Amino acid sequence: MPVVVQNIPRATPEVIAGLAEAGVATVHEAQGRRGCLAASMRPIYSGARIAGSAVTISAAPGDNWMLHVAIEQVQEGDILVLAPTSPCDNGYFGDLLATSAMARGCKGLIIDAGCRDIRDLTEMGFPVWSRAISAQGTVKETLGSVNVPIVCAGQAIEAGDVIVADDDGVCVVRCAEAEEVLAAARARTANEEMKRKRLASGELGLDLYDMRPRLAEKGLKYV
Amino acid sequence: MPVVVQNIPRATPEVIAGLAEAGVATVHEAQGRRGCLAASMRPIYSGARIAGSAVTISAAPGDNWMLHVAIEQVQEGDILVLAPTSPCDNGYFGDLLATSAMARGCKGLIIDAGCRDIRDLTEMGFPVWSRAISAQGTVKETLGSVNVPIVCAGQAIEAGDVIVADDDGVCVVRCAEAEEVLAAARARTANEEMKRKRLASGELGLDLYDMRPRLAEKGLKYV
Amino acid sequence: MPVVVQNIPRATPEVIAGLAEAGVATVHEAQGRRGCLAASMRPIYSGARIAGSAVTISAAPGDNWMLHVAIEQVQEGDILVLAPTSPCDNGYFGDLLATSAMARGCKGLIIDAGCRDIRDLTEMGFPVWSRAISAQGTVKETLGSVNVPIVCAGQAIEAGDVIVADDDGVCVVRCAEAEEVLAAARARTANEEMKRKRLASGELGLDLYDMRPRLAEKGLKYV
Amino acid sequence: MPVVVQNIPRATPEVIAGLAEAGVATVHEAQGRRGCLAASMRPIYSGARIAGSAVTISAAPGDNWMLHVAIEQVQEGDILVLAPTSPCDNGYFGDLLATSAMARGCKGLIIDAGCRDIRDLTEMGFPVWSRAISAQGTVKETLGSVNVPIVCAGQAIEAGDVIVADDDGVCVVRCAEAEEVLAAARARTANEEMKRKRLASGELGLDLYDMRPRLAEKGLKYV
Amino acid sequence: MPVVVQNIPRATPEVIAGLAEAGVATVHEAQGRRGCLAASMRPIYSGARIAGSAVTISAAPGDNWMLHVAIEQVQEGDILVLAPTSPCDNGYFGDLLATSAMARGCKGLIIDAGCRDIRDLTEMGFPVWSRAISAQGTVKETLGSVNVPIVCAGQAIEAGDVIVADDDGVCVVRCAEAEEVLAAARARTANEEMKRKRLASGELGLDLYDMRPRLAEKGLKYV
Amino acid sequence: MPVVVQNIPRATPEVIAGLAEAGVATVHEAQGRRGCLAASMRPIYSGARIAGSAVTISAAPGDNWMLHVAIEQVQEGDILVLAPTSPCDNGYFGDLLATSAMARGCKGLIIDAGCRDIRDLTEMGFPVWSRAISAQGTVKETLGSVNVPIVCAGQAIEAGDVIVADDDGVCVVRCAEAEEVLAAARARTANEEMKRKRLASGELGLDLYDMRPRLAEKGLKYV
């Protein structure tokens, strides 16, 4: 059953760049409050903001063999996304794998497990979102698969889906919906700019969004 | 039952400023090791150190409607404190709400749930202590209450209680006890200064606190 | 049964310095993927990288009395390692204890419980790896032991074992094995340098490590 | 500050018996979806269903001294409710304390910590709701308080509040509201009986509660 | 976006009955160690062993409205499977909903959230696998969807997939693979019968599976 | 480094039987409140009460190969004790392994990971204490060790140590201390019998243990 799928769909670089700029919170809202990975996925350092096509990896617990296989499938701008077949916090990924991935154009790693060599990765500027930081190493004994559908941190992800990640976490956008989501995200961002100005001037959200009648109708009492 | 209480007691700005300066650990000790919220409440960025009167919010899980209602109740220097009625890690709060809250003089947010737009909030200098960072959005469907007694991260909090928050976490001081706690905190700080000097010179705590007789009496053996 | 053991073995300063330089991930690999403490142990600030001989502490939950006793046993370059006798997140350690420990030459603290005064400790440059940050204070009522075998964050640790800690977490090396582990770590580091260059040039791990035949033999299919 | 409050309010035995019969889920709904303790509080055996006035205990972590003090304050039908001042899973309570508590008429224990002697307690028919089962013992070194306000498993509880506990968990009812909540619970139970019959006959909730128009109005599509 | 899909595929009753008899552990092995939901999903009582076609529900946190909508879609033998759109432990389901579901032929519920009325459900013989037991109620304010793809407790599930559940947990089998998996499960069960007899007679797994040569080759030493 | 140690010390059957009868809570107190494994270790069914010599297993995450190796080392009355080298909830053990272990005289399994085939194990009367129940299977790829020192659920355990397990959890007694601990446990049990009678008659612990003077001295106030 272990398999490596070599051809995957990808969104255009322009769409991907637009989604990175919009950011996780906006993209997630723009597609109907869908797509966020679990809040346990945290960046290993602050300030990174990336998007890219997912190269997915299904790996055995405590076994990072498939990362080597997956790196060969990476194209410029892709993001590696690894889900272990059962929960595991081991440090699957460190500076050597990051060196190899960067040499292939990889922009970052999303891993529902552990990562290590944090200082090196930070200096190299290779961002990782993981659920743990752990020096505990792994073996290379059991096969897994590359570019198959996985569930990572609570979200179903397919190879080629667009991953957006920043300090707020990680969000997935279906490849086929990426363009439409970008349009919705841009509309949302434009709209927020106007709201931000009015709120900054002291106008209340209660008035800006005309909430008072509905609050009263639902029965809110002021005492 | 949903209600907004409009008049709440507040400690004086001088007392509040004194408690902020004393910091969470000292304030908590000064009131008899009471008042710490759960250790799961962490700041979204390091270095903030605030105190203020609590404007409390009881909100449904995944519903941030009451934040808009609460912001109208904020006075200069207040702190918003939100507890969901059942456990929830959703991102209730982001940069638009922060813009609105800052325009009203709000100093920060304590939320036993999730927060988002971390990069924007950090740049704006609006500190949040939360139990999660999550881009997962919320709805505006269910009423809650403002300025009612809540339990937030394991502590009972009433509107007007003084909230102290820094890198060590969050502590609550009853409004009526704030002046007395500040006096005890100041005495404690003065006393610690002397101890710090003696310990820095190499004197042992065993001698400074005269612990050796009591250790021997309880049966500690040196081998 | 409470006891303070006053004489403990220690590795040489040269070996200890070498292990600090190698870092947690490398040291852990060099001794056969053993010795990592649980991933829940995180540094209170980034960038510290230390090694030292363990002065172990077994303490009652919520009771930091034995830290004062242990500091007297510290020699230049030692690291304090505390395990509570049952799980506890209280803030056992803050700036006064750190001042005292630093005055004795202590390099840092590993504590499977909570720590506080984070801002002060960061400014002082006293690194702590803990499983929680908590302002919740402790008492001084119950005896424990110093320099006895403990289990800390899932690892058995004896007094004098070498502790290595950095941004990746914490690893323990048996005192008697420290020299041999250092040799293995140095060999490993040298070997990694060569690999890093080849990977940076775009060579794949699949080829560098000659993995293709074994992957094929185990049944990996490319589609 | 350690104190034992000797006089506490209590609801009448009839009201308490009525609330026990209604059960946790119904009582909680009857008071507006309020009062449930955290879901981590589980019974040590199935099938118990009790209510009683809370004798509250604030105890140090790993210290069960105050349970002995509290048992003297128990009156026939009361329930002991213990919250540690910081999180702790130790086994505070076992068969000897249960023997003593039963001799005083105590109906059960709610403890946001650990319990032990599970087999004995089950045979004795003394129910306990706890967040852990742990043989790890405690000491008797630090004072706490009895019949003061506590926060237990996320709920603020005062001495004399009515505790209701069954296989669904634990709920607290303010002493002053107990009679009113019982009336609401009885109305609810009567109303549910009718609904149960109609649902059992195959009628859908969609029709019984007339939900179809509101679902359509909110935009639900059938495809 | 909220939608109810009314036509879903279903495996035959014979295949479903066969999978129920095989049980979770065997079915999961038979399809290549895939399909297990997270270990946090536990039955509310012991001994139930069911299989059925999934009627999937995506619901807002703390909102059980869609359960009423989903029950109308249930056919004889189906199993309800609910995933909240963000983590939530509320008690979405109790005896009234169970009465309604049973009247429609529903065999059980899989819910990555909370359940209540445990005593009633046990007496009714309606099995539930949940991640929490909680009396905390829900509202009916926000739309969700029925029979759309969901991720429940870490597994992607589509409407009509076969759910198998017993004391070991829950496993999902793709509808299109159900027949093939059943065949593999039956082969496995037959094969295990022979092994069980030889092991019961004292033969070692080391010999039965001929493991000794491979252990020696990998370097296992006996001392 | 993978090794199987074939000769291990064992306590006498009489001492082991005595410790089983005393039970976990008493044994743990008798050796000075030491030896309890983490409270996360729960029995798969209620009522089992065993003791035996530990045959220890250090196994890779998600790999149960070493269980087959360990069973060959079991002697009549032994208990298998498995710790994964990094955290893992997979179901390492089921009915076939239990059949094999029982045929060798094994009394039970302590595993800081997952177990499956719960219904079968319960019917067979083979008790297991685990931190998870999970049908998720394992592989047989990586070597581990048998009868080496391990850390299991927070306790250091050596081959031949006596394991005591019942509904309260699991406790370890050093082989060399087993006789002495049994004597202390018996003294304790005898002493508790007298106390139980006096407490059952209504005498308070406050009086039985003469606590009132010490409470007063520490400052407890009655109001």
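Letters A, B, C, D, E and F mark the chains as written, and numbering starts fresh at 1 in each.
The rule is simple: a contact is a pair of C-beta atoms (placed from the backbone, for glycine too) under 8 Å apart; a residue touches a chain by one contact, two chains touch by 3 or more.
Predicted model only: the values in this text are computed from it and were never measured.
Colleague: If you list every residue number at the subunit E and subunit F contact, are more than half found on both copies (same) or fewer than half (different)?
Modeller: different
Colleague: Averaging over Cα atoms per chain, report the distance between subunit A and subunit D in Å.
Modeller: Result: the chain centres lie 41 Å from each other.
Colleague: Taking the mean of the CA coordinates per chain, how far is subunit C from subunit F in Å?
Modeller: A distance of 28 Å separates the two centres.
Colleague: Averaging over Cα atoms per chain, report the distance between subunit A and subunit B in Å.
Modeller: The answer is 31 Å.
Colleague: For subunit C, write out the residues touching at least two other chains, lowest number first.
Modeller: 33, 36, 85-87, 89, 134, 136
Colleague: Run through the chains and report each pair that touches.
Modeller: A-B, A-C, A-E, A-F, B-C, B-D, B-E, C-D, C-F, D-E, D-F, E-F
Colleague: Which of the residues in subunit A end up touching subunit F in this complex?
Modeller: 60-62, 85-90, 134, 136, 139, 141-142
Colleague: Considering only the defined contacts, which subunit A positions touch subunit E in the complex?
Modeller: Residues 1, 32-34, 36, 38, 85-87, 149, 151, 154-156.
Colleague: Within their complex, state which residues of subunit A touch subunit C.
Modeller: 2-6, 65, 68-69, 71-72, 89, 91, 94-97, 99-100, 102-104, 114, 116-119, 122, 132-137, 140, 143
Colleague: For subunit E, which residues are in contact with subunit F within the complex?
Modeller: 23-25, 28-29, 33, 36, 39, 42, 46-47, 49, 166-169, 171, 192, 195-196, 199-202, 204-206, 209, 211, 215, 218-223
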